[in-house]
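Encoded as structure tokens, the structure appears first; notes follow it.
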């Protein structure tokens, strides 16, 4: 995790901000479970589970609040 | 997901903002589970499940905070 | 859902704002599950389930944050 | 629910604000489940269930954010 | 619960603010379940349950937002 | 827990802020369950459980909001 994966919260567009929010939600999982193999296996299960998809969407929503504020809501 | 589906967080009315919040909550699911077939199947189950409907409503509420702030609460 | 059900986030009192938050939490469910018949059936179950009542209260709390901010906390 | 139970979000102290947050979390439950008899029965169960106690504490935390902001954090 | 347990949201340091957030999360539980005996028994179970530990950490995070804002983020 | 583990919410970069958010989410668990032995055992289980990984990511997201605000979003 030594690479620089989050140079800024600024994005050119709301959509790019949303994609950054998705990335942030995944990075927290990656930091807790660094094994690509385990994450890939878990993903095969949870992407068929609506409860977990909704839970993932929730995390994205929280990060999107942060990214949107950082970009002054792209006003 | 190359299309431009989120050009702005600005909406003319609070109600349009609420509908955008619903869209945002669904897009995060779509990014995690891109298969229309799988999402349609999951939807048939969760739309009969009050726990998941409440969880979905929660995600919409978080996005609505963001959209409302972006629109200065349509004051 | 073509009716205008959310003309404004402004309310005269905190209590009216709280009631609007309850309405917002229900509208998101209604958008996801438009069938009155299904929602009525689900309601009969979840209103006897404390976990789901707490989850509903949580969604109301998130919307109340939004409505309260929109009204400058009725200061 | 015709009584005026929420005249203001202002409180004299942080502690009174916290108590108001507890009240708000309960009122949302009461609006969804108006029967005192049912709520009393549910309470007997969930007050012995740590998961639900934590979930309740979470709702209080969200409302406390709102009340604290309304009071400018009692600065 | 007549004692004055929350005189202020101001703390000297971020760490003291974090400890206050922990206290706030516990006080909401205590208000809902005032019995020390019951809470002690529940604690023995949930402190061995990672799901509930994460849920507790979540509540602390929400309160820490409030306390940090109250202290202008100790800038 | 007498050591000074949170001197400031300021970080030089967004990525360092994200790492601080991860630390905050873990410290709340540590305060509730101080035993390293128990936490290590629990970790072995939950890091294989996608639901708990998502829940952890959620807590990080809440703390990241706080840290990002404290740093004025590293603008």
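All chains are identified by letter, namely A, B, C, D, E and F, in their written order; residue positions are counted from 1 within each chain.
Basically, a residue touches a chain if its C-beta (ideal position, glycine included) is under 8 Å from a C-beta of that chain, and two chains touch if they have at least 3 such contacts.
These numbers come from a predicted model, not from an experiment.
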### Query
Which chains contact both chain A and chain E?
F
### Query
Is the contact between chain B and chain C built from the same residue numbers on each copy (over half shared) or from different ones (under half shared)?
different
### Task
Please name the chain that ends up farthest from chain C once chain centres are defined by their CA atoms averaged.
F
#### Entry: Turn needed to bring chain D onto chain E - CA fit, degrees, nearest 5
60
### Task
Round to the nearest whole Å and give the separation of the Cα centres of chain A and chain B.
16
### Chain centre separation (chain C, chain F; CA means) in Å
31
### Task
Mind pulling the residue numbers of chain C that touch at least two other chains?
51, 55-56, 58, 62, 65, 69
### Task
If you connect every pair of chains that touch, what shape comes out? Choose line, ring, star, complete or other.
ring
### Query
If you start at chain C and step next to chain D, which chains follow, in turn, all the way round the ring?
C, D, E, F, A, B
### Query
Which residues of chain F touch chain A in their complex?
13-15, 18-19, 21-22, 47-51, 53-58, 60-62, 64-65, 68-69, 73-75
### Interfacial residue positions of chain A with respect to chain F in the complex
4-10, 24-29, 31-33, 38, 42-43, 45-46, 51-52, 55-56, 58-59, 62-63, 65-66, 69-70
